[in-house]
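Below: a set of structures, written as structure tokens.
Below are two complexes that have chain A in common, paired first with chain B and then with chain C.
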Partner chain A sequence: MRRALDRTLFLASASCGVLACAVLVGFLAIIFSRGHSALTWSFFTDEMRQAGTGGGIVYNLVGTAILVGTAVVICAPFAIAIALLERVYLHNSTLRRILIGGIYTLNGVPTILFGIFGLIVFVKFFGWGKSWLTGGILLAALILPTVSVALIERIKSMPRKYLDAAAGLGLNESQIIWSVILPQSWGGLLTGLLLGLARAAGETAPIMFTATIFAGVSLPHGIHDSPVLSLPYHIFTLTQDSFDPSQDARLWGAAIVLLMLVLLLSLIALPSRLRIHEEAND
Partner chain B sequence: MIEVCAQREAPPVMVERPQPVIAVRNLAVRTSARLILREASFAVERSQIFVLIGPSGAGKTTLLRCLNRLTDLMPGLQVTGEISVAEKSIYGPSVDVNALRARVGMIFQQPVIFPGSVAANVLFGAKRLRRMSRAEEETSLESVLREVALWGEVKDRLKAPALALSVGQQQRLCIARALAVQPEVLLMDEPTSALDPKSTQAIEDLLLRLKASRTIVLITHNIAQARRIADWIGCVYLRDGAGELVETSPCEEIFCNPRSHEVREYLSPL
Partner chain C sequence: MAVCFFAAFVCSFAWQMLPVWKHEGSGYVTGGTWFYRTKQFGCLPMIYGTMAVAGVALVLAAPLGLGAALFTAEYLPRRTRVGVKVLIEILAGIPSVIYGLLGVLLVREWVYRVFASLDILSGDTLFTGGILLAVMILPTIVTLGDDALRAVPGSQRRAARALGLTKAETILLISLPQSIRGLLSALLLALGRAFGETIATFLVVGRQDNHQPENWFSLRPLLEAGETLTTKLGGSETNIAYGGSQLHWAAIVGLGFVLLVMVGTITAIGIWQGKAQHA
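Let's turn to the complex of A and B:
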């Protein structure tokens, strides 16, 4: 009886695992079979033509790169500040809990709300119109929890002996931060940023009313009324507007590119992510 | 042992002692839950090696860490009593703790090597604590490495990663790093317990040389080592669940004529 129960449990777990993998494989198979014919060299180097039915996606790639690049540049200093606040400056555990609670809450905010917030504050109130900078700021806020938590975990996993040794030499707090904590935890920042990038690159909701349009622009020329093209919004619009989305190889081609981009960023971050867990478990 | 004791001269009677470098009065350490160290008082004179011995968990490390306020970094510890270094209280409100730690350096049981070169490690504290020209850096680097007898072994690989050194060399490197900050006192928490006999010998020789210019407080579990290098010995023992400095005496005195039964018990091999 007990053996039968064990076996059933194992089989149930195994079939769930197989099902999860099968969904992923099937999903990949479908988009590759539909989209691979679009993946030519010129697809990556040409501008979009005829409302997405011709040409390539070069400015969509560039636009996405601008958005996530801006997000990273804005996010990094805030993430460092939050991590130092949590690990070094806040001695009061209640304040620390409030900070961490805030970070996790931010992580749980539906992304469409970021979009609406951006629309109200930046597009309307500041009068920026649609702007790449708004997109960068919103994506930065969106990935801030991921990046901060990765950095906090990294600093936490740092052996205590380094801090003791540096303090034992008479270094003050900021010298310890600059000479010990930050140099030893930049890997955590990098991991967090890569994971954040992977997430930001695929987001549509925060940027669709605030930072990106479907066609008609190339590179941004300023801040006011200066949207960019982007991959996710491109896919969104093509899917919504084309006569039969399933037959549109360019749509699926763009989806493959976006998926590969996100997968690549996650893969680059993987080794150092695993290392953080190992060190934390030491 | 008996022979050494027989040769011992009678302790000098009430000679005038110089001002101690470290004076500890009624030092007690507790957490909210329990007493860790019961009131301890002792003094360490200039150019002495003061060795703390006693069983594990008796509070030796905590006592040592009080002397340069590394205890501040351990949350929840409450330190009371009076400690002065060079006649200045170190627990007063206006004390610059970082400056204190530069004057009272600390060497840990396991050598702590920062990622980076030998040279970067040696100057890790020094070049951040005072402005140094390139020439000063080089002079300081060479002089402290010579002082710890490491110069000959590493002079051709000052730019090599310090982690490539042997553990014994790493520990001497840590001592060099502390010396580069020019401390008056060195605190050492079992500095040779991770080392092989040859490296241990090298460190002991080094300590005997260093004490001419610095005062050293050292913890060891190696009784033979204590006997070889100590001028004074303090024995910390657990009494009723809290650490207590049960005896402080000149080295020979404690070995030949221990006053408390705990010390007698601890020093007797069986």
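Let's turn to the complex of A and C:
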């Protein structure tokens, strides 16, 4: 009886684990088997033609690059500021809890609401129209929690004696930050930014009303009314509008490209993430 | 800064949605019809849709996800466990539009075929959206559930084993009771994510306005097309409202606010539960 229970529980939980992995891996396999035929060199270098049924995705890639690039550039200084606030400047633990709470809350906000917020503030109130800059700012806000938490974790894991030694040498607070904390923790910032990039590259909801359109533009020419094309919105529109998505190899090809982009960015960030896991286990 | 941004976020929503509350009063949340041409705004059908989709997702994903978490936390050796966990976290990062694409291709067809005997109109149903969301929140449940289980000290497990309990008894009598709050928190956070998911749901849920069940507890309405708060916000009506009357725009923004409140409550309870485990 007891042994039977022992076996049953093991089998049940093992099958759950295997099934969960199988579902997810199976999804990936399907995408690759459908879309690999579309992946030719010209797919990456041609513009889109005939509303996505012909040509390639070069401006979609460029547009996505512009959006996530802007997001990273905007996000980095704020993430550093937040991490320093949390680790160095705020001595009051209540304030610190509020800050951390705010970051986690921001992380939980549904992404579509970022889109609506952008529509209210940037598109309507500032009168920018659809603009790549709006998209960049919204994505930056979206990835801010990821980046700043990664940075905070890295600063936390820094040996205490570095700080003590720096203080012992008579460095003041800002000197300690410039010469000890920041040089020691740039890896955390990089990890966070890569993870953020991976997330930002795949988001559709925040940019679909504010920054991106389906066809008709190439490169942005200013801030006002200058949307870009983007990869996720491209996939979204084709999926929604095409008569039979399963037959459209270009759609699946675009999905592969987006997926590879995201997975690649996550993989580059992998080693330092593994280290965090290992440390958490000790 | 983050706090300021968040405050600005909430304030801008509150400010923009004032007109509709003046117009509808509390009927905004409890009203069952939404026709913007006749200026009727009631978002109950969409709240129902959101709950239904997320509920289906949770019912499907919870047993599987918790089972998998049990497996990684209790049975797998350490190195394999970290590997599996990282794999699952990477899968959590797959863009939702790709899940949506798969949903359109696979899940929709499947639902249509399986339930054909029930005479359903198409594969675009609340249930389809729920299945898709279940797959999407699975990684969240596994990885947070695993964290919760690992938070139970190993010494407790060793003590139980030394007393002669089998592995299964150790898990059922020691690990689970101690981590129950953490597991609950994992489920709630996953539910919050399911509430807020837009793109994938959008593509398969059918987006049928004013879909409200006659019997709130029957399962049949799940096999019909519906609308959730997020898919309404993601739809073309947002563009119409943006160029249209102030009232209509306020109604759309109001939907966002209702969603924010729902997600905020669930997430807050989830985080609070998770903290309580460690206290």
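Couple of notes before you dig in:
The rule we apply is simple: the second predicted complex is superposed on the first by the 275 of 282 C-alpha atoms of A that agree within 3 Å, B and C clash if a C-alpha of one lies under 4 Å from a C-alpha of the other, contacts with A are read in each partner's own complex, and residues count from 1 in each chain.
What we mean here is this: contacts are C-beta pairs under 8 Å (C-beta built on N, C-alpha and C of every residue); 3 or more make two chains touch, one makes a residue touch a chain.
Being a predicted model, the structure only gives us computed values, none of them experimental.
Taking chain A as the reference, the larger set of touched residues comes from C, when chain B and chain C are compared.
Once the two complexes are overlaid on the shared chain, A:Gln184 sits against chain B while remaining clear of chain C. In the superposition on chain A, no contact is made by A:Thr40 with either chain B or chain C. In the superposition on chain A, A:Asn172 makes contact with chain B only, while chain C stays out of contact range.
In the superposition on chain A, A:Cys21 contacts chain C only, with no contact to chain B.
According to the touch criterion, chain A has no shared surface contacted by chain B in one complex and chain C in the other. Residues 1-3, 5-6, 8-9, 12-13, 16, 63-68, 70-72, 74-76, 78, 82, 84-91, 93-102, 104-106, 135, 138-139, 142, 150, 166-169, 171-172, 189, 192-193, 195-199, 202-203, 230, 233-234, 238-239, 242, 252-253, 256, 259-260, 263-264, 267, 271 of chain C are the ones that touch chain A when the two sit in their complex. Those residues of chain B whose C-beta lies close enough to touch chain A in the complex are 68, 70, 73, 75, 98-103, 105-106, 108, 110, 112, 114-115, 124-125, 128-129, 174, 177-178, 181. The touching residues of chain A, when paired with chain C in their complex, are 2-3, 5-6, 8-10, 12-17, 19-21, 23-24, 27, 30-31, 34, 78, 81-82, 85, 98-99, 102-106, 108-113, 115-117, 119-121, 123-124, 141, 144-145, 148, 195, 198-199, 201-205, 208-209, 232, 235-236, 239-240, 245-246, 251-252, 255, 258-259, 262-263, 266-267, 270, 273-274, 277-278, 281. Of all the residues in chain A, the ones that touch chain B in their complex are 91, 161-172, 175, 179-180, 183-184.
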